[in-house]
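I'd like to ask you about the structure that follows.
Chain IDs A, B, C and D follow the sequence of writing; residue 1 opens each chain.
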Amino acid sequence: MPWKKLAKSDLPAFLAELSTRAELIVPQEKSGKVRFLPFDAAQPVNFPSSLVDVSLKSVFFPKRRPVATFDPADRTKLEPAAPETSPRILLGAHPCDVAAVNYVDRVFIHSSFKDPLYEAERNRTTIIGMACSEMKPECHCTDRDLSPDDERGMDAVFYETSDAYLFRALNDKGAAILKSSLLKETSEEPQKKDWPGGKYPVDPSSLPSADDSLLSPPSSLFQDIADLCLTCGACTFACPTCTCFLISDEQHEGRGERVTAWDSCQFSGYSRMTGGHNPRKTRAARVRNRMLDKFVYTVEKYGATSCVGCGRCAIICPVGRHFPKEIAELSAKAKGR
Amino acid sequence: MAVELVPRAAALRQVCDESADVKSFTFEFMDSSTLSSLPGQFVEVSLPGVGESTFAVSRLEDGGRRFHVSVKRMGHVTKALHRSAAGETIFVRGPYGKPFPVAAWKGKDILVIGGGIGLAPLRPVVDHILANRADYGKLDILFGARTPGDMIFQADLAAWGRDPGIKLVKTIDVECVDWDGCVGLLPNVVKQQAYRPDGSIAVVCGPPVMIRFTLAALRELGWPDEQVYTTLEMKMQCGIGQCGRCNIGGKYVCKDGPVFRLDQIPSVAL
Amino acid sequence: MREEPKILGLLCKWCSYAGADLAGTSRFAYPPNVQIVQVPCSGRIDPVMIFRAFTEGYDGVLVSGCHPGDCHYGTGNYFARRKLAVARRLLETVGISPDRMYFTWVSAAEGRKFSAVCSEFTERLKQLGGTEKTAAREAVSR
Amino acid sequence: MKELRARAGEALANGAIDVLLCWRTEPETGRVKPHVFRKGDDLEQMVFDDRCVHNLVTFLPEVAGHNKKTGAVLKGCDGRALVTLLAEKRLKRDNLYLVTVACDGVKVDGRTAAKCADCVTNVSPVADVVIGEKKTMKPAEYKQLEYIEEMKPEERWQFFAQQFERCARCYSCRQVCPMCYCETCIAEQVGPAWIDPSTKLSANTMWQLSRAYHLAGRCADCGECERACPERIPLRLLNAAMQKAVKDLFHVVPGTDPDVQPPLSVLAQDDPDSLLEGKR
């Protein structure tokens, strides 16, 4: 597919045009952070050259999502929520976030039970990804066999140059969106860079399985980490591939909803059972569960590791825990044995 | 495309008291569809506005037209369920989970060990064996409860007791007046009965602590891990391997279990 | 906006609930706006219940317990006094006007006082109209 | 700094403590973060400066849980938190070794933290070793509440509704707070679920109000909740409202006096009934 050029000066017009065709989601700043939000012409649109502060997770898997409604006065009917089908354009998603969405597809689409609400969100959205032009300090996508200009999972991609954006459709869905008079065919092509790696390398196959002597007591590896981790939900909420959820029935002023809401394996209540029995009661157990989940358990559960190297967990941690560094050290220690 | 997390309406046909805090509920789907569950599988039962909980199917009737779950009164949903009466609409979805491989057990002797409410998931196993009696060898049932009053499925126990093809042993934790069965905790009774492992299958289900010590007792009697099946208990919510919470290592108890053969259980669980 | 304000009444079983009973048996009329919830003691009331009342759309919350010194359990109302004082200040901070909270003591013999409290509180809430309450209720129902 | 390293090294060496909670500069990333020092660790990495924002008292229960004698370095605000925890018997004083260093303000996002402008104790009120000199600080005035108090009720509600709407319920504010140590938080209780777990405005409002209320007379204003909040919701405002109420009604500033019991757990028979109107 040929490259098309959009002058930076034409960007506002292009965004206006797109927003007439479908709901448009772009990175915009709100309350101090750049997030993927419905396009608001009054606000400036800034395509960060690298990581967007808040991930794409809530675009496809909202923090609160009704799956059924009921009338509290007559509890004999549960109406399933109807999947959303109106077309949507997602503009400016970086390769790590798109890779994260592809992983989450394994949980909600390519597993034994399909989630039609999530699948509808995915089908109605055209992803026009943006290649990163730099790597931020915590970015380590190259250690997760990704790269800042990786185009997998995108319907179209664009690169930023000094005065323009170079677009290229990757499939028909993307091509349909890029049909615009503002985009002119060009022979100019973005040059591919080779990106540095080796910041937080992890070899999943070398990682010890749950019952390895390296991990189970008397090794104090996880207790040492747990001493300085508060098991708050910040890293799991920031992580684009952490999609654990809880199901809750809620009534409010005559309206009953059964909703899914984000949950975190770091909370002590996450696996606490009615009788009070809690298999992961201690912080160390919860820390171990998250660390091994990302690189060992998800391979067993969904057939792929689930870290895309975006570094948001390291950025958001209120007490300075650096998850990628810890898992890289564990991998090196296990490999060095 | 149905949203899997949204259950189907079912009519609560019958409620019967099994013990002071356990009731059995008989359901029938409103749309008269059948529940095609196999022994060991579970369903998610929910009351709108209250919540949803996981219960093993404790009996199928009429090819799945009607199905039973036996519920111990423990928390928010079970208390609400215990307040429900026949005729009400309750919501059910499932069946979920990997069943007991009863087909692979053909020709073998079977030892069924249930602790308290743990007998509920095992009753369908006994039902299946009795329905295909010729396919299976000796059937030993060992059922333990805290007190005689906690003995659930009294009618079945009586029937199994009278059946010449079943060796039924009942035990309670502490000596009790006019009690004819054994006395003692299940792991000790297993050792007393000295069940022989040769070529037979053991199925264990009950509270986590009972399972742990009963499995240890079986190991002591020489039972190899591949001949012992158990169910693991974890907090479950979605029941379909998506919400992430019931993992033991890389295995989901709701999808890869709740039935596990002892040698397949990640040791991090025990 | 509903003209008839909806009021949650948290009454301690031993004094105020009995006072409400007495108001009824003595035929003291009082407006039906108060939905009474009986609690063992005013000390049992966790202000989280009061927060829930407001986020559920109640227009006012009446809390009434035994007079200090009469508490059936000895000290419940002393602790309640401090907790309610602090809870009131928090609700005021986030924009629930002070007139929406009526904390008082009503003994088992004060049937008349109970009906007076209910009438006065209902009237007060009607005056208030609830502009800010409408904003809060509208916002909270999202 | 040298005196702190000397004292710490000596206490670790002579076995007075098994571990010492302090801050260190992480060699690879240069970030300042809490660290558990043990005997023989390189104390050159130990650091105490305006980047040491974390409240180490939050880690104490976990660390002291599996060490006989635990040392910790405390700023003034951290010390105030510890005073309340000791009063509530959450920690045993005798297996703690407390080193407090005079603090003249820490930085958040490159600027001096707002809490430091309202600081009431630059040194921990409870300590074994005091490094630096204790200054007399001005009394707590909760000035940041003024612009809220000037608003009319509906404006206040609109302001807080916008803030509560952003809450993602990640509970960092709860986990980072030394005062929040309930075994089962009220937000996790189900029967009845006072606080619904999803992020609708009414549930977020319930969570924020309950959290703030449960800190009344206990919050040391260490500001960690606001700093840890990924959405930077002004949580110190709600805490300040509680502490101002407690100061007006019970003349107590939490954590400043080891002999004063947190006011809401005190049996006060002589309180005036005007408290029911929220006035002293």
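Convention: contacts are C-beta pairs under 8 Å (C-beta built on N, C-alpha and C of every residue); 3 or more make two chains touch, one makes a residue touch a chain.
What you are looking at is a predicted structure, and each value in this text was computed from that prediction instead of being measured.
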Selected interface, A-D versus A-B, where C-beta contact pairs are more numerous: A-B
On a C-alpha centroid basis, what's the spacing between chain A and chain B, in Å? 39
Measure off the straight-line distance from the CA centroid of chain A to the CA centroid of chain D, and report it in whole Å. 32
Centroid from C-alpha atoms only, then distance chain B to chain C, rounded to Å. What do you get? 49
Multi-partner residues of chain C (at least 2 other chains): 56, 141
Going by residue number, chain B touches two or more other chains at 51, 75-76
Could you pull out the residues of chain D that touch at least 2 other chains? 200, 202-203
Complete list of chain pairs which touch one another: A-B, A-C, A-D, B-D, C-D
Per the touch rule above, chain D residues touching chain A in the complex are 26, 28-29, 31-36, 54, 58-59, 62-63, 66, 166, 168-172, 174-176, 184-185, 188, 193, 196-200, 202-203, 224, 227-228, 230-232
Report the residues of chain C in contact with chain A in the complex, numbered from low to high. 56-57, 141
Chain C-facing residues of chain A, complex: 252-253
So, in the complex, the side of chain D touching chain B is made of residues 190-191
Residue ranges of chain D touching chain C (in the complex, touch as defined): 145, 148, 151-161, 165, 186, 194-195, 200-203, 205-206, 209-210, 212-213, 216-217, 237-238, 241-242, 244-246, 249-250, 263-264, 266-269, 271, 273, 275-278
